[in-house]
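Next come two complexes, and both contain chain A; in the first it sits with chain B, in the second with chain C.
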Partner chain A sequence: MRESRIYTPEAIEDESLPGLPGANDDPLKPWDKTTVVGARVPRIDGQDRVGGTAVYTRDISLPGMLHGVIVRSPHAHAMVKRIDVTAARAMPGVHAIVTTESPEAKIPWTLTARGAMSQLFDPHCRYEGEEVAAVAAETLPQAADAARAIVVEYETLPAIVDYAAAAKPDAPKVHAAGNLPSPPRTTQRGNVDAAFATAAAVVERTYHTSCELHTPLETHGSVAQWDSGDLKVWDSTQGVYAVRAGLAQALKLPISSVRVASPYMGGGFGSKLELGKYTVIAAVLARLTGRAVKCVLTREESLRCVGNRPANTITVKVAAGKDGRLLAIDADLVGASGAYPTGAVSGYLMLDLYTCPNVRVRESSVLINAGQARAFRAPGYPQAAWALEQAIDELAAKLGIDPVELRLKNVPTVSQSRNGLPYSSTGLADCLRKGAESFDWSASRTRAASKSHIKRGVGVAAGMWGYGGEPRATVIAKLYPDGSLNINSGAADIGTGTKTVFAQVAAEELGIAVDRVHIEHADTGTTQYAPGSGGSQTVLVNTPAVRSAVAAVKQSVLALAAAELKKDVNTLSVRDGAIVIAGETRTVPFAALRSLAQAQQVVGVGQRAPHPTDKVALPFAAHFAEVEVNTRTGEVRVVRYVAAQDSGRVMNPLTFENQVLGGVTMGIGFALTEQRIMDGPTGKLASGSWHDYKIPTAMDFPFAFTWVSVDPQDKDCNSTGAKGLGEPATIPAAAAIANAVHDAIGRRMTDAPITPAAVVSALATTGRR
Partner chain B sequence: MTDRKKDPRDQQPVSRRGFLTTVSTSAAAAAVVGVAAPAAAAPAPRDDTGTVAIVLRVNGRRHRLLVEPRDRLISVLRERLGLTGAKPGCERGECGACTVLLDGVTRYSCMTLAVEAQEREITTIEGLAQGEEVSALQQAFIAEDGYQCGFCTPGQVMAAEGLLRTNTSPTVDAVRAAMSGNLCRCGAYGHIVKSVQQAAAARKTGGAK
Partner chain C sequence: MLPRFTHVQPTSISDALRELAAPGARVLAGGTDLLGCLRDRAVTADKLVSLNALAELRGIREQGDGGLRIGALTTLTELATHPVVRARFGALSAAAAAAASPQLRNQGTLGGNLCQRPRCWYFRGDFPCARKGGDTCFAKEGENQLHAVFGGDVCVMVHPSDTAPALQSLDAKVRLISARGSRTIGIDALFVLPAKDHTRETVVEADEIVSDILLPPPPAGAVGAYRKIRARGVWDFAIVGAAVTLGLDKKSVRQARIVLSGVAPVPWRVAEAERLLVGHELSAPRIEQAATQASSGAAPLSANAYKVMLIRGAVAEALSDVMGAR
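Then we have the complex of A and B:
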């Protein structure tokens, strides 16, 4: 219920956590060479994923389980006047109904420093889809029938969904205090105004990006079950610990009485990092009925109620000297939070992507009568890149400098936002150079113009991700007498291959095969703390802890072996699941160690060490796109793509490539098709399905796709050398496509998505066909 | 991307959306066009509780069931037969996560009434593996990492199975068209298409299932 901190500016504070007890003792140096880490290892849970046997929250069925259905406000802004549940209560199979009038309705929601802004069932409905009641019944159809039979009388109120209009003083108020919950935040360095006066070239433009919806294939949902006052919840979540903390607070339970598990989950993209109302509703209904209750959202509910990437309006002005060095960036970013406050913009790229002495960033978020925004794969960054990277493109043209060259002139070596600390590694220049080489950039740029109505163009954009992760994770490793290993970590595998990478790290450190490693994960009742799997932090935060736990196991098993074999421990090492004795050809398999059999298990505990205090470890990227624009229909197709990523060590090329594919695919949706459409007068969602809200399909992905890894061999970021990947793989994608469209048709497409209508309209004004 | 112009029905003999008759194919959403479904099986006897006695043949086994006329095939498979491989992603014919084969042809089980599926051979993802041994197609998805979160994967695999049963050596464009009715929000399309191509090659050379 409290906004996940991963993406707020304050979250950067989380990076400087001192570390858990013992974590500072981590002496592990990065590997010099690896055999399992870095290999194309197929997923260790692949068989379950392709066999239909992986059990997702959606698939869980418990004895006596009831089904919960939520009644939601059909109005964008309304007050509940009366609720009549008489008919619904009498319907077959109905076990419990809770409404705005029930005691449970009062559970505080949207907690801020100034108190709760809402409650579980709030009679004041501030967006279409806000929860007003819920039913538990024997079957899902019965629950749905009963939910429809609940009569709710509303007094409708004026609603506002246009965030530019909502910022005006006479706009309908989403909350009594107004639609600007906090004053705009300005961050600056240098003297921006003076710098613009001396510049050789200045560009300025206003860009708009549309609201995007996460639409994970598995909708949000939970199953709740009580046992002797303890609550067990299966939740489709990226962060079991955040959900546990929220549940304990909402239901006034000791943390130790709440168990949250998410064994398999069907996608989140940031929308599943926090506790949802549906989880609390399932728990409340389960308590009232004494039965397990499953509450899973429909696709329509998921489109309205569980987050979005907010629409942004970004005005950016960039200046450079004749030599192409950036002199000043001035950016104003405004975004729509939805009905409750959350940061809706991020100007971090303006501050830190390029070396620039004078920067001013103004960030503001506006409330509207729509579902609250949530973190969405690199929150704020693709929007900021859309504006900044198009501006840099325009500036390059004005200066007569190649866009890749212009970017190379401004690659930073220090983090300007973090006291000028140096980066542990920055592969941005290499991403630009190697990406350009792979793309054949220069030749592609100068290709002769097409005479047909299909125009081709190429574009480049750069990006970085400004969150280094919460260095706080514990892992327990257990070696068994047969030489197999159990890794216990609370991290969720949201589909990125987390479990497989953990197994590779463990196998590497202990010298055993990957298939000897079993991963036990994402269950607060049985596994160890890990931060939410989001913000590109999962691998870089957790794998050093995995390695550290296994290193402790190795140390212990070597000590056991030394005593048993009567050897100096310093002469022993591990390889291929066995103890290797220096100077001897024989090896002793772990399974042959009598002392290990007697001990039954050897346990090692690993803690994530804090980040280095004198360096900043962040990932970078540069993307290159080629598009075809049909000037008759306005249709844009991405036909060729190169993504160059500096994410530190590539732990697994197979899953790494998949993350990049996914990031680029999402960028294609951002650039070309995805757009939440609200009806202005009613405030209702008009794009409430996948027919109307269009995400890319297999037809839209460019199969002329190449990814280039720029591994800077970072020895300082952490003990496994990995940096983040999920977000930087999507950040520059849409901007690269927009720049390619400009190259193709000579029009600067300021609004995302670039729809066929927008292209045709842009060409109609002063066309080049 | 050249075959967006082609009519996807060329690759899809029967609509996967069953009774939906018209669906827009513009831009990026699922590109399988609905056409009228063949007539449902002979009327089943109704009892006085409003349920209908039917027999479903699923993965070679016969199941006698009492269902409501409104029950969709996906809910009967998942909730009555415990076959949770077919996933409800949208429950209205948009995403393909619930794809099964009806008489060997891909079909959205969320847009198919259970009563409609009588007398048809229903194949679900659970029917592809032999015990713990997955099929060559499934193996190809593992080898090529043809998934991420995995929630759409059973549907992707069944769409691929449907394609390979009718077209043993599909071109890349044919694979993309056949798979375009299955959304993957993680965006693993590049790997999914590779998986299908690899499986097609493996079936030809190895004669594997």
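Then we have the complex of A and C:
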């Protein structure tokens, strides 16, 4: 509901939140050696997820449950003049209809500092797919038929979907106040103009990236059920607490009366961090009918309405001295927010990826008549990397310095955006070195050029992620008489495997097997607060709290054992689900402890400690790609890839690899295939299916794929040593591919995606661009 | 969500043809195209007449003359893997293998592949386009990067089939049956240009079924290939494709057929390019010449001039494949 927050730089404030009460008591030292953490532990819920027994939101079926279907504007810009529900109301199975004329329509939406910009059902439709009515019926087909029978008369208005044109004063206005919701924001340090005057080499170019659509495998949806005045919602969400807060506000309920659960979740990538209208609609229909209501979006709705990675136009100018040290970066970033304001660009990489004394970043976002941009796996970063990392590549060529070497000359050791605080570890240099070694970079670069029409090229790009996480999470651990352990955490496992990692951390700390740990999670009615599973923060924010809770359990069970066994507690430790007594060969299994059986449970509460105040812990990456470009057909294939990641401790190589593989796949989509295509005159989506909106397939992923972890055993970042991974794994990928394409064909591909059309068109231009 | 319809599965061809004679009835074979069209509301249907119980419409049979009779319900996977098709009708097996994805090829049939509806995003999307009875071809002034450079008229869609150009390169015939009787036509006569009728892609009438595809014996010294240029590695339609079937006598080309996909509302044969090959050795310069000729006369729209280059590329690649495989 609130303005979507792009993770930087406002979000840096989140990182400095103080600890919760108890968070700083007896801080745990980082592990020296681990046995379960770092092991290749298969997902604890893998069998359920692939076997079909995992219950996702759309699988939930409650007694008497109705089905909700939403009526959406077919026009990109229109005013609802009249809605006739007479025919729909008379149709079989229909229980309730809400429209722009219902009292519930007025629930405020898109809350900004200047007030609400819209409402639940807004007669002013600002993009194709905006909600105008909804139906609840006994069956889904009945609801869908009734929704189609609702007659909506629209007055169509001029629509604008081209964001360059939308920024001009005479463009059709998405909102009365115009298409520039806030003035451009400029961030700068040093004296950029003076630095350019003294530089040995300067490059400047304008880059365009395409809008990418969110396509999580599980579409967005909710089930709502009222019990007296209390609301329970099952929602496919990354953040049950954000949804709960939004629902409480939208429906004017106390937070304590709203319960939101997300037991299994089929992907979100940033599009499920906030409350969606479908959730409120399900709750409203459920309240009107006194029945539970399920409202799950179709893929067609999902492609239009749940968010996107906004298209960016980025002009970047970079200067360096003869020695390769960066002197100045000047960047102008413009992005398309969609119909409501969202930070559509991020210049963070320009500010902080490299040591550079003079930087100026100008960021602006433009409203258009299209679905709203949302957080999308590293919001703004892959776009910025696409521009910056191609510029660095071009600069390296101009200076005659190897692109890896040039980057190594400019690796930062302090966070320039955080008052020069040092990094807890700067893995960027290691990522570049170890990645280059694994890729055999030098030899690959100097290989003789192909004489055939298929050209090979290699490219490198670097990246970092500028958000360290909101350091507040509570976890409760309960040890039961049989030695099994319950971990209670509010964090959603959005498909990344965090439940498994939590179980590993708990097993490690208590000396029990992973299969003795049960994870109870993501239910505001029963679990403890955790921030949304986004921003690459889930593991690094929550695992220290898991560890701390289990450490408290361990302390308590050792105390119980000491009393029962009449030993000094300092002579006791835990291993293999048992108490170990120093100097004795016998061990006492937890299940054999009478005192534990009598206690029924031992409870430990863990709080995430705040981030260190004297250091900054952030993840880095360097990616290396080899491509084949067919100069006859314009086809580009990524044939070899090395992703080097500094994300601190590798908690589980299986889930780690999975994140990197997924991040690189998304990078391939960004670089080569994915592109929202809108019909200009109507403002409607042309690429409205999975055929026309092309996510990459297994056949687009390189057979030769390697990931390299730069695991500096970061002792300063937190008590488990983990930094974020999900987002840094995708940030440099597309830029590395673009640089490889340049190496192959000598053309700078400024626009993403690099389609066959783009390649043959670039090759038709003469000479090296 | 799918609209409401009834579904019948007749067990004899005569029952199927009778069911099909009812207004609002449509043929259902693999369903990979029809169900999507219904869901997109690009087409309507009151009744789906499933052919899936009709075993006589399945299978590949060798004919006494060296040709093939292919039942219309034969799946693309069967075509792609059949040893005789692979050995002697290379363009067809290559085209079938290049279509869609493994799952879709297991389900999709050859008859369905020929009768599939356009993939144009305006036709499939919520746009009242000319082919659906509206008065506008939205692609003409709109997003036409994937559209026709040949043969466009009131509609500039491209025919989406991979197998159709391959079959045309093999000089195939198509047998159509209905309660009224049967007819056999050349595959080039199956498809309809928009100038003639922009609301249909084939001459197949509503009460007709494509029952068989008939391949004459391949030319002496036959070699064939299908080169499909697409935006991703699998599960994608051709941006441009080229099917070639050549009859070679030692090094010399005696017979040549080149048919393009992804460039016109029908499979597009490039006879002038074929003529440049006949009587000549298949050398690299000759290939380039034919490839260039194949694109001549193209009339690109605002956003698809690149297809002229891709036609050259696809033809050159297909001919190079043939030369390499020889």
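The rule we apply is simple: the second predicted complex is superposed on the first by the 760 of 769 C-alpha atoms of A that agree within 3 Å, B and C clash if a C-alpha of one lies under 4 Å from a C-alpha of the other, contacts with A are read in each partner's own complex, and residues count from 1 in each chain.
We adopt the following convention: contacts are C-beta pairs under 8 Å (C-beta built on N, C-alpha and C of every residue); 3 or more make two chains touch, one makes a residue touch a chain.
Everything quoted here is computed from the prediction, not taken from an experiment.
In the superposition on chain A, A:A144 makes contact with chain C only, while chain B stays out of contact range.
Contacts of A:G634 after superposition: chain C is touched, whereas chain B is not reached.
Of the two partner chains placed by superposition, chain B and chain C are both touched by A:H691. With both structures placed on the common chain, the touch criterion links A:V50 to chain B but leaves chain C unconnected. Of the two partner chains placed by the overlay, only chain C lies in contact with A:I677; chain B stays clear of it.
Residue contacts after overlaying the shared chain place A:P74 against chain C, while chain B stays out of touching range. Which of chain B and chain C touches more residues of chain A is settled by the count: it is B. By the document's definition of touching, neither partner reaches A:G38: not chain B, not chain C.
By the touch criterion stated above, A:P310 is placed in contact with neither chain B nor chain C. Contacts of A:A757 after superposition on the shared chain: chain C is touched, whereas chain B is not. Common to the chain B-facing and chain C-facing surfaces of chain A are residues 140-141, 298, 637, 672-673, 689, 691, 694, 696-700, 756.
The residues of chain A lying in touch with chain B in their complex are 42-43, 46-56, 58-59, 61, 140-141, 214-219, 264-267, 269, 298-299, 494-497, 628, 637-639, 654-655, 657-658, 661-666, 669, 672-673, 689-691, 694-703, 705, 756.
Against chain A, the residues of chain C that register as touching in their complex are 1, 4, 40, 101, 119, 121-122, 124-127, 138, 141-143, 145, 227, 229-237, 239, 304-307, 309-310, 312-314, 316-317.
Those residues of chain A that touch chain C in the complex are listed here as 74, 140-141, 144-145, 298, 630, 632-635, 637, 672-673, 677-682, 684-689, 691-692, 694, 696-700, 755-757, 760-761, 764.
Per the touch definition, chain B reaches chain A in the complex via residues 1, 3-4, 23-24, 27-31, 68, 70, 75, 78-79, 82-92, 94-95, 97, 124-126, 128-129, 132, 134, 138-139, 141-143, 145-154, 157, 172, 175-177, 179-180, 182-193.
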